[in-house]
Every structure is written in C-alpha cells, then in structure tokens.
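Read through the structures below before going on.
Two complexes, one shared chain (chain A), two partners (chain B, chain C).
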Partner chain A sequence: MARRHFPDMLLGLAPILMLIALWQVIVWSGTAPVALLPSPFSVFARFSAQLLRPEFHHEIAATLMRLFAGFAIAVVLGVSIGLAAAVKPVVDAVVKPLVRILAPVPKVALYPALLLTLGFDHASKISLVAADALFPILLATYYGASMVEQKLIWSAMAAGTPRAQIIWKIVLPASLPSILTGCRIGLVISSIVVFLAEMITSTDGLGHMLVQAARTFQTVDMFVPLITISLLGLILNAALHLLRRYLLKGFAEI
Partner chain B sequence: MMWLSRLLTPLAPLLACIGLLCVWQAASLALDTGSFPTALEALRAIPDILGDRGSLINILASLRRMAIGLALAVLIAIPLGLLMGRSRNVAAFFNPLLMVIYPVPKAALMPVIMLWLGVGDVSKTLVIFLGVSLPIIYHSFQGARAVEEKMLWSGAAMGMSASRRMLRIVLPAALPEILTGCRTGLVLALITMITSEMIARQSGAGNILFNAMDMAQYDTVFAMILIVGAMGIILDAAFERLRAMLVRWSDAGRAIPLSYS
Partner chain C sequence: MIAVENVSHRFETSGRQSHLALDDITLEITDGAFVSILGPSGCGKSTLLYIIGGFVKPTGGVARVQGRAITGPGPDRGPVFQEFALFPWKTVLGNVMYGPRQQRIPRAEAEVQVRRLIDMVGLKGYENFYPKELSGGMKQRVAIARTLAYNPSVLLMDEPFGALDAHTRTRLQNDLLNIWERDRKTVLFVTHAVDEAVFLSDKVIVMTRSPGRIKTIIDIDLPRPRKRAELLLDARYQNYVVAIERLIDDTGIDEAAR
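Showing the complex of A and B:
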C-alpha cells in the first residue's frame, strides 16, 4: 500500500507546483506588472514573516474563535434537532417543511438582518456561521438516524435497555459516521463564511486583513490571508479526519 | 385524520413560510426598534423594488451572470469529475489541488480578480464559476467511481470504444449523483452571486441589498432578503422537478442535498 501511495502523492503535488511555477513564469516574463501580481516568493516570504508577528496571531485567533463558536452551536443544534426529527414523527412534521424552506435560502443575504438585530460585534458573525453550518449537519444527522437498523433497536429493547436511553445508546452511535460527514461539510462552510462575514464588516480577523490590504493596494498582503485560510481549512479538515478515525474505531468502513 | 394529513402534506412548506413570517412579525413588534421592520412592512416594499425599472434590470443582470457562470461550470466540471472517477491517476493528480482550493472562500478572490479583470461582469462570472465547479466536480467524481465495473466490461466486450463507454454507460449511471451536485451548485451560485456583488458594488441584487443597508432603508433591506430567499427556494424547487423527471428510473434521492451553503 505504502508503495502505491507515494507516487500518488507526487502526482498530486505536481499541479500545485505547476501552478506556482506558472505564476513565477508570468511574473518573470513581465506580462503582469508586479503591483498586480507579486511573485510567489515575495508572498511566501511575507507569509512566513507574518507568522512570527503577534498581531497576525491575534487576527487568526479572532477568526478561529468566531469559527469554532458558530460551528459548535451548529453541531449542538443540528445533531439534537436532527435526532429528534428522526425519532419523533411530531417533530419531523414541523422540522421537515421548515428545513425545505430555509436550506436553499442563501444565508449571506440574511447577514444585513443579523447585523441590524444583533449588532456589529461577534454575535452577528457567529450566528451567520451557525446558520450556514447548521443545515448540512442537521440533514446528515437526520439521514443517518433514519437509516439505523430497526433490528438494533429491537435487540437493545430485548436486552432491557430503557426506551429513554435507546437514542443515546443506539441511535446516536449508529448514526455517527453520517453525523461526522455532515460536520466535515459544516466545518469547511464555517471557514468560508467566517471569512466572508469578516470581509463585509469587521475590525479584526483574516477577512478584515484582506479587505484592508485591498483598500490600500498592498497586493502581497492580499495573498497572505488567502493562503492562511486555505491552510487553516486543510489543518481543521485533517484534525476532523483524525477524530473520525478515533471515534469510528469499531466500524467496518470509514 | 387521514384526509387531514393528505391535505396538509403538500401545504406544509407554505405553512412553514407563513409561520416564519408570523414569528418575524411578532419579534419585530416585541423588539420595536427602528432598524427592524415588521414582516408586513417588508412585504409591502417588495412591489416597489420589482416595479422599479432600475432595480429590475439590476436583478436580471445578476441572474444572467449566475446562469453563465453555472453553465460554464457544468460544461467543464462534469467531464473532469467523470474522468477523475474512472481514472486513478487523474484523480490523484487533481485531488490535492481541489482540497487546497476548497476552503478558500471564492468570493474572497474577488478583490484579487478585480485587480486583473476589473469590476465588470467578467470577474463576477469567473468567481461564480469557481464557486460552483467544486461541488459539481466532487459529485460527478463520486458518481463515476460508483459505476459498476461489470457494465463497463460488458460494454467493452460489445466493442464500445472508451469514449463511447464514457458517454453511454458512465454518464447515465452517474447522472443522479451529478444532478445532486448541480442542485448544490445552483444554490451556491446564488450565494456567490450575492457575495461577489456585495464586494464589487456596481450592479446586481447584492448591490441593492447592501446599498439600502448603508442608506438605512431598512424596509428595502428586508424586502431584498425576502426576494433573494424566494429566488433560492423557487430555483431549487424548479431544479428538483427537472431532476425528478430526468432520473425517474433511479431511487428517490435525498430530499435535500447535504452540501448546501
């Protein structure tokens, strides 16, 4: 297996390296003025210089705080509403039409309304992130919990599990793979949305850095937050993947 | 009871809409601040916006950009996704690149792209194209990977060339999954459309929304939110109809794809 994976990785690195090489060639050829397209070296140099500055850590921390707060709210609400709807037909009858209506609504359009009602501080950004990440998690939980085999529930009841505990002991663990898939989608969406919210109105965070750089035409500084958010997304994704491997140890396939 | 539930089921989404509007009305009456108009005030502002020639042209321009971006994405993303699904090497080649691009908010590229291509239609359409492509590639990839090997072998045994197998076997077999990707892409296109116009304030629905916000015309803000929301719901419902018609033979898919937003 390891032998097979190694060339795959090289093959995967190729387009990324080619893109960076193409970028450098365009800069060298002089077709694009440096003011519009800085060289990749200067961008990466600025990025590593920024990594050592405490101000930059502060921006990343602000973004991450909003991201995690919104994501956590979405996970708690999504999983509990999803489970409740899958188990109780009454809840299902109320939740299903609401989700059908609200899921296809572009949530960014709600942002002005959130600003007007919750103010320009953290609350409006966190609720936008939560609103956007909620639906994939809710739906994944709902589908996962509806797919739980009836036989498992019957066996648990036959073994004497009280009705109230079945949802915690059977339904939740059995739908965990699906829930984690939903969380993964929700996490990527959270990182996208938190950036956008910061771009629209903010005084700190990575999105604000980008807008600030764009206003002053500091092209090199515009690329730094973009690289940062991409790396953050990759790191968070990898962390969730490890968590998934740990949580789903007993499952046949991941 | 039976007739009641049969009557209620098709009406449920409508009832949900009315319920949400009632909650809004009650909340704004309870809060009673100048910046949070009631649902009725917002609904009353809608005909003014749609009746105004300038705003109508703006909204139609938005929809045109969205349609072009989406069409381009469909044309490029589906073949790429299918190729990735059928060839290990193509998949290994593109996967890491797509993973790096995925968490970057496409609308955040807008300031950079604006420097190169200006604030006009080209950069907005390009951003929509980028935003929509990823889910379509991903779903086409998943769909093509799940095609049964045996069908391809039979096709090959019957003397079909590789490109014909792709067109006659892989494409139809992956179609349900591809259309799920397109449905997600449609909603994403609407989102990217709004955000790109919000950043490059020049024309479009997002421009009206955020300009009204800056000028404190809160009725217009909330009316625009309703209009954009209705666009999302209507486009999604229409596409779902089309999807159901095209893949009537397959299992009923999930009512709502997971990867919205």
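Showing the complex of A and C:
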C-alpha cells in the first residue's frame, strides 16, 4: 500500500514545486519589483527563522484555536440539525426555510454585528467561522441522512432497536460518507474564514500578521503567514483524509 | 398464528396515479407452518411480507399476529430482505451480532452463538470482512444469519436463496429445514422456484399478476423429515411441481389476455 501511494504523493508534489518555480522565474525576470514580490527563497528562509520564535507559535496557536473551535461548533450543530431535519418532518419544516434564507447570506456581512455583540476577542471570530462552515456540513448531513436505505432502518427495528435510537445507531453511521464530505468542505472554509476574520480585526493570529506586514511594506513577512495557512490547510486535510479512511473502512470506494 | 384479513395495499406513485399492489388478501398461517409464496414479479409478494413485518401499514384490512393487530416491527418477526440490507459499516461478525446485542444478550454469550451461525451459513473465516468484500451469495447468507441470530419466532424471507449457486442453495435449504424442524418457527418464504417451494413447504400460496390476489393455496402433503434425494424421485413431489408450474403459466396467460 505505502509503496503504491508513494508515486501518487510525488505526483501531487509536482504542481506545487512548479508553482514555486514559476514564482522564482517571475522574480528573476524582473516583471515584478523585488520589493513587491520577494523570491521564494527569502520567504522560506524567513519562514524557517520564524518557526523558531515563540511569538510565531503564539500566532499559529491563536489561529488554530479559533479554526478548531469554530469548525467543531459547525460540525456538532450541522450534524445534529441535519440528522434531526432528515428524520423528523417537524424539524424539517422549521429548518428548511431558515437554511434557504441563511445559507446564501455572505456571513462576513454579519461580522461587524458579531464584533459589536461578542467583542474583538475570540468569540466573534469563532462564531464567524462556525457560521460559514455550518451550512455545507448541515446540507451534506441532511442529504446523506435522507438517502439512507429504508431497509437498513427496517432491519434494525426488527432486531429490536427502539425508534428513538435508530438515528444514532443507523442513520448517523449510514450517512457518515456524506457527513465527512461536508466536513472536508467545512474545514477548507474554516481556514479561509479564520484568516479573513483576523485580517479584518485582530490583535494576533496569522491574518493579523499579514495585515501588519502589509501596512509596513514588509513583503517577505507578508508571505510568511500565507504559506503558513496553506501548509496548515494541507496538514489538516491530510489528517481528515486519514480519519475518513479509518471511519469509512466498510463503505464502497470513496 | 398470523392472520391476514382482507388486506389491500395501494401505493401512491409519483405520477399522481395510484397503484393497487395487493387486492383483498385473506390468509391464515398457523404457528410452526412453513408457507411459501409464489407469483410473478411485481405481484406484491414483498409488499405482503412488509405488511406482516409491520414495516408497511396496509391501506385496507388488517394483519394480526397472535390475535393482535400488527402496528410495527418487532423481534418476534425477523425479515430477510431481498436486497440483503447489511450494515456497511459493520463486519460480518458485527452485522450478525447486532440483533443479539439489541436483545441485551451479553457480548461473550452472543458471540459464541453468532460464530456458530456464521459457521452454519458457511462463512467461517470471513468474520472480519466487510459486506463490500463479499459476493452476492455471501451477503445473502450473512443476512440470513443476522436474522436467525435474534431468534425470531416468525421468519419473513424474501427470496433468501435467490443469489445463491445451486450447491449452496441446496445446502442452505437443508439447513433451513433443520432449523425449522428443530425450533418450529413459522416461516413465510417468498420464492420464484417452484421446486424449492414444494420441497420446503406445508403450503404454497400462488398469487396472480398485479393487482396481487391469492389464486390458489395448495397443501403440500409430503412426509417429513424430507430428504431431497428421495423426494426428487417421488411421484407426488413431481406432480406438485408440475401442477404449480402450470398454474403459474396460467397466471401469465391471464395477464397477456388482459
């Protein structure tokens, strides 16, 4: 298995390396002044230097904490509301119009209001992340749970599972493939939104680092948080992928 | 006893028409009887089984077990679905363990019985396989074992041997007869194979093409325990098979004439 995945990984690395090479070529060609577009080498050198500094760890920790907290809230709410709506027509009747109205709203438009009510600290950013990641997870759960094969439920009921437990014992595991797909989308959105929120107002975090650097024209420092967040995204996605492989062992290829 | 009294079922279909799947079915199945249902595809055999299982509420009439109207599923009636309906997130062992665990049988005790059942359906060594890793026939055997595991007094089997090769089919027919002779479960058995129905049953119900009605009920008066090798040579057995096959052909002609 590991041997077979190895070339795949190399193949995945190739476009990233090409992108970095292209970046270097643009720098060399001189189309963009070095003051605006620093070379990848200076950026990676600065990134490595930063990795040793506790201040930088603090920024990463602040961003990750907000990201995870918001994402976790979105998963809990999205999965429970999605399941409940799929199983209980009453809940569906209430949730459906709300989702239709709220899902297309750009959540960032709510950010000023969140700042005023929740303050400039973590809570407002976490809420914004949760609000944005919620809908893809909720919708994926809802559709997954609505499509659970009827006979799985019947089989469980015949075996003596009370109706109230069907949702946890059958509907939830049966819709797991769909739920995890929603989570994957939610996680990408979470990393985008946490950065965005920190760029708008914050006193720490990677987004704040970028804005600080931009204000003082420190272009090299501007690129450091950027590659940090994309690396974090890569790592989180890989972690989720492993979790998915583990949880979905029994399901057809996904 | 299972009593089906004037049961009809009408499905609302998407094209805002409705479809009469079952029309005025009345039948009685005594405890411990082995009853087969034969009929052309789409005549409502599965629907009738779902109604007795309590999964579908009939739009007309009433079905009863031991005198009480059926209001929902219960572990006294164990279905084996045509589509297997195995839990994809559970292994073979996990699937078969499900029922006993729901019945709160201690894990260790349940596992002993469950492993024996898995062995009986010929899947020893496959305990840790997931359903997606099994062939159609193997899935079907897991589904049978999963239902037998919680020991229902009535088995509702919807073409349970449909996806099996001739050899495994014969073996499982014998195993089912053995279980039935030992535990005297009531078995309602849907099949398309006339010889299988005659070999296994006390009674064979032949249904008409849709809307499903009961065409005839034939008592199979053959000695038990039944031995396949002897039965195949028995003129009475052969007569039943031929007679029922002829009846089913007629059912087909009915449809063509309409």
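Here are some notes:
The rule we apply is simple: the second predicted complex is superposed on the first by the 237 of 254 C-alpha atoms of A that agree within 3 Å, B and C clash if a C-alpha of one lies under 4 Å from a C-alpha of the other, contacts with A are read in each partner's own complex, and residues count from 1 in each chain.
As a working rule, a residue touches a chain if its C-beta (ideal position, glycine included) is under 8 Å from a C-beta of that chain, and two chains touch if they have at least 3 such contacts.
Computed from a prediction, not measured in an experiment: that's the story for all the values here.
If you put the two complexes together on chain A, you find that chain B and chain C both fit without a clash. After overlaying the two complexes on the shared chain, residue contacts for A:A140 are found with chain B alone; chain C is out of touch.
Set side by side, chain B and chain C differ in how many residues of chain A they touch, and the one touching more is B. Using the contact criterion defined above for the overlaid structures, shared-chain residue A:A85 touches neither chain B nor chain C, since it reaches no partner. Look at A:K151: by the touch rule set out above, it reaches chain C but stays clear of chain B. Of the two partner chains placed by superposition, A:A130 touches none, neither chain B nor chain C.
By the touch criterion defined above, A:S230 reaches chain B but does not reach chain C. Once the two complexes are laid over each other on the shared chain, residue contacts for A:I60 go to neither chain B nor chain C. When the two structures are aligned on the shared chain, A:P112 is found in touch with chain B, with no touch to chain C. Of the two partner chains placed by the overlay, neither chain B nor chain C lies in contact with A:L180.
Closest approach of chain B to chain C, taken over C-alpha atoms in the A-based superposition, is 14 Å.
Taken together, the two structures place no residue of chain A in contact with chain B in one case and with chain C in the other. Against chain B, the residues of chain A that register as touching in their complex are 7-9, 11-16, 19, 32, 36-37, 93, 96-110, 112-113, 115-117, 132-133, 135-136, 139-140, 143, 181-182, 185, 188-189, 191-193, 195-196, 199-200, 207, 210-211, 214, 217, 219, 222-223, 225-226, 229-230, 232-234, 236-237.
Contact residues on chain A toward chain C in their complex (touch as defined above): 149, 151-152, 154-161, 170, 173-174, 176, 248-252. Those residues of chain B whose C-beta lies close enough to touch chain A in the complex are 12-13, 15-17, 19-20, 31, 35-36, 88-89, 92-97, 99-105, 107-109, 111-112, 115-116, 187, 190-191, 194-195, 198-199, 206, 209-210, 213, 218, 221-222, 224-225, 228-229, 232-233, 235-236, 254-256, 258-261.
By the touch criterion given at the top, residues 50, 53, 55, 72-75, 77-79, 81, 83, 85, 87-91, 98-99, 102-103, 130-132, 146-147, 150, 152 of chain C touch chain A in their complex.
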